[in-house]
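Look for chain A in each of the two complexes below; its partner is chain B in the first and chain C in the second.
Presenting the complex of A and B:
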């Protein structure tokens, strides 16, 4: 395959990655959010694979393999096991801003991230390469993840939001630093795994104590 | 020149002749998926034939709009047919009379008349369906615009004949991210505009849940036949725009020979058949959305089209 077709495939993957991020915001069901997150992680792995082929970098292949193993498979499995079906099977996530408005704000954030990324690209001299696609989409995904954490009121979508932020950072990172040491990738991957596990157990405990994981119910601290 | 006028008229005849067949195949396939036998694929033709020979009953309370509307609904898709590539790859006689936005406006004119005719009768279900259609319509409008603008910017023109080549001139352009996203957005738009399943249930007979169908409840005889045929043609035209302009501009006649144009007819029908198979799979696996979830569906389409535009510009 030529470089241009690889770049194009990577751009397509980036577009679908962005779309699945929008999907996380648009979904009402917890399981729908989780499925979108799985899709997003798969696209991240595909992009890492393509960039690895482009840069001839073994590290990115390792990143792709770790991502494919941890994010679409292990994390959803662990979350569903630890949090329990009562939280994950919820169909109507309560949220502060309704979904059409959320989507419009998401578009605004995406455009903002493109504007932010443009001077960065021209300064770093990376314009015209795959970073053109990966950096703005990564920043957008980071912002959209933060937005999800802000707007959604329940624990499980907030966890997914945090994981989305992590995915966004990775998506930008694999194009900026293709030769990241493997130890960093490994630690990042397992970090995420442990974070997801801890948050899952915490959510389960909160749900057991209070009966819901809605943030607005958790206003006061008190000993039970 | 003469041949171009002839081919243009041939396009109209093809759309008129085969649009009920598309509806028939679609409903037959859907029945088969639900493990029913379903009506034969020629059933829409029989319906239209039967209705054309029945007496028409018009309420005394209605105005000229009610009587005039079936003709508008029937004629507007024909006008759009003159503007879009149905069979040929090169511009025909009327191709430069209007661009894609013009086609959209003409289709909207038919929708407008259907809406006020539904209000005209005073039937309680008519205005309800009409206002719902307007809701779907105005939510679909921005998506329409942005899809067309993106496509026009890529091709440097808004004439559908010129646009169709732009996405596939090197074949790898097909996988351009903005192209894939535009296709997705337009697909969602077709579902909303044609009243297919996640938005509206075309086979439902419960008046309170209807969106598109309730506008034609009051019509009988020839009026009902024209409305039915008109909506079938509108669906066919939308599919032609989607398949021949946006997705797969292959299989169209390139030369000016009569034979080539005739060969294009089955090829286009095969494309539509493949698309319908795809549509049936989607429709059979999704439940209908609640009315107030439709803004979310079309919001998602809007986001997709905007993402396509952003990815093209930056």
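Presenting the complex of A and C:
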């Protein structure tokens, strides 16, 4: 494959990655959000594979393998084990801002991230390469994840929001820091697993104690 | 090799804490481990003073003067709070006491490990992982009491700090990108400083802002501080001492180590960023301190205030202000841990966190009341305690540097915070105790750890040993170029 077709393929993957992030915001049910997250992680792995092929880097192949193992498989499994039936509950999740408005805000955030990334791309001389796709979309995904955490009122979507933010950071990372030491990659993957585990267990504790996972109802701690 | 032992000992202690044995086994092994770490940390600090940076594994594990200072503080507070836990935690466990205690001590050791790892790792990607671990290892310590409030605090803590960590991650990756294009090879603190001349200021600035916002969330800078008073008030008091006394400083250390890199490019205006975010934190904390109703929240907001003061001192720039900043790091850590031990003892006696329900503490328990009074005076910045001296040296450095507006604001906020803290402490310590108050005897280990924490608070206000001063000076020097 030529470089230009690889770059185009990566751009397609980046588009799908961003689309699945929008999917997380648009989904009405927890299970839907989780499926979108799995899809998003698969696109992250595909992009790492493409970039690995482009740079001829064993490193990125390893990153792709680790991502495929941890994010679409282990994390959903862990969440299911710890949180229990709440994961697959087929009810609507309440949120502070309705979905059409949310999607509009998400578009705004995506445009904002292109504004953030553009000067970086021009000063680094990376314009026209794969970083052109990965950096702005990574930052967009980070912001969209943060938005998800802010507006969703329940525990599971908030966990997915945080994992989305990490995915965004890694999506930018595979293009701007493709040769991080493998130990760092491994421990970052381990770290993401621990996040899912800790937050999953905490969600179960909250469910056992309070009888619901609508975490935004927890507001006893405040001033006055 | 010493550095590796410092990392291995808490991990081993965490594993041994889970061994099914006598109920005193886990606390004993934790205290022994913390003591060993403190001795090794002292040895490391002396070596750093004598020979400069120590490298255990090149490019991975090393310790410079600033790391040695934080290392010493983490080790000291870990020891005192391990001793405090012995008497405190037993009273706070329900039916399956042994199991709960084992889990508590195991997590306690892992939390201490993660903080030690932040300062000892020199590979930035691993530092980020270690920072994330400090959150993840302490979440269940915050939710230890398993009440509705504790769970709420733990949830806010993990969600907000993980969000912050994701922002910081992209900052760290951008930093790597900038370093690589400047010709750097390994992603370490040292290499970053070496190639800092060639780093593109545009990318560096974006990376810095992402890192400041991300890690600033964990440091408790306003407006990302909202989780801090909740987590620092709901956790058991020995954990609060660690969270407030050293965890915040440990994360601040990561931001501070970027300083020599940032100072190369004046176009970043890093000093102004530090100054403004510090002043906003001190100011907001000063107002919030006035209206607190809960005495653990009082000390939590005071942490926000002190982190702000350190940020301002760093922002002022120059060797004198930097020395003030490292001195403030030292005085805050030792004093704040004493404050939370005093708050924990008060909680054992009064059984409530409300300021308005505690009166005449000095009569119901002279030890807790006395410690609370000294802790309050010391953290508010009354002479002759260390915080007074460090705040004074920062104000003086600022005036000498001609930053009149910033120093006037800082002075006003510090005075406001002083008045607020003293007002609340005064109401709690003096006056007539409620009718039904009984004289309670504190557990022996609680008294021991209060004494241990009290000694440096009193001594360092009057006299700083030469070697400690040298360490502070070296750490301050490492902040500049």
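Everything below uses one rule, namely that the second predicted complex is superposed on the first by the 216 of 224 C-alpha atoms of A that agree within 3 Å, B and C clash if a C-alpha of one lies under 4 Å from a C-alpha of the other, contacts with A are read in each partner's own complex, and residues count from 1 in each chain.
Simple rule for what comes next: contacts are C-beta pairs under 8 Å (C-beta built on N, C-alpha and C of every residue); 3 or more make two chains touch, one makes a residue touch a chain.
Every value quoted in this text rests on a predicted model; they were computed, and no experiment measured them.
Visitor: Chain B versus chain C on the shared chain A, clash or fit?
Guide: After superposition on chain A, which the two structures share, chain B sits beside chain C with no clash.
Visitor: Using the superposition on chain A described above, determine whether A:107 touches chain B (first), chain C (second), both, or neither.
Guide: In the superposition, A:107 touches chain B alone.
Visitor: Roughly how many degrees, to the nearest 10, is the angle at chain A when you join its Cα centre to the Cα centres of chain B and chain C?
Guide: 150
Visitor: Quick one: classify A:181 as touching chain B (first), chain C (second), both or neither.
Guide: After superposition on chain A, A:181 lies in contact with chain C alone.
Visitor: With both structures fitted on chain A, tell me whether chain B or chain C touches more of chain A's residues.
Guide: C
Visitor: So, does A:205 touch the first partner chain B, the second partner chain C, both, or neither?
Guide: A:205: touches chain C, not chain B.
Visitor: Now for A:15: first (chain B), second (chain C), both, or neither, which partner does it touch?
Guide: first
Visitor: Is A:191 touching anything from chain B or chain C once the two structures are fitted on A? First, second, both or neither.
Guide: second
Visitor: State whether A:155 touches chain B only (first), chain C only (second), both chains, or neither.
Guide: The second partner, chain C, only.
Visitor: Which value in Å is the smallest Cα separation between chain B and chain C when the structures are fitted on chain A?
Guide: 19
Visitor: Over in the complex, which chain C residues touch chain A? Could you list them?
Guide: Counting only chain C, the residues touching chain A are 123, 125-126, 128-129, 132-133, 136, 139-140, 143, 146-149, 151-156, 158-159, 162-163, 166-167, 169-170, 173-174, 176-178, 180-181, 187, 200, 202-203, 206, 229-230, 233-234, 288, 291-293.
Visitor: Quick one: in the complex, what on chain B touches chain A?
Guide: It is residues 172, 175-178, 180-181, 184, 295-296, 299-300, 302-304, 306-308, 310-311, 314 of chain B that touch chain A.
Visitor: Looking at the complex, which residues from chain A come into contact with chain C?
Guide: 116, 119-120, 123-125, 138-139, 142, 145-146, 149, 155, 158, 162, 165-166, 168-169, 172-173, 176-177, 180-181, 183-184, 187-188, 190-191, 194-195, 198-199, 201-202, 205-206, 209-210, 215, 218-221, 223-224
Visitor: Sort out for me which residues of chain A touch chain B in the complex.
Guide: 4-5, 8-9, 11-12, 14-16, 18-19, 22-23, 26, 99-100, 103-104, 106-107, 110-111, 114, 118, 132, 136
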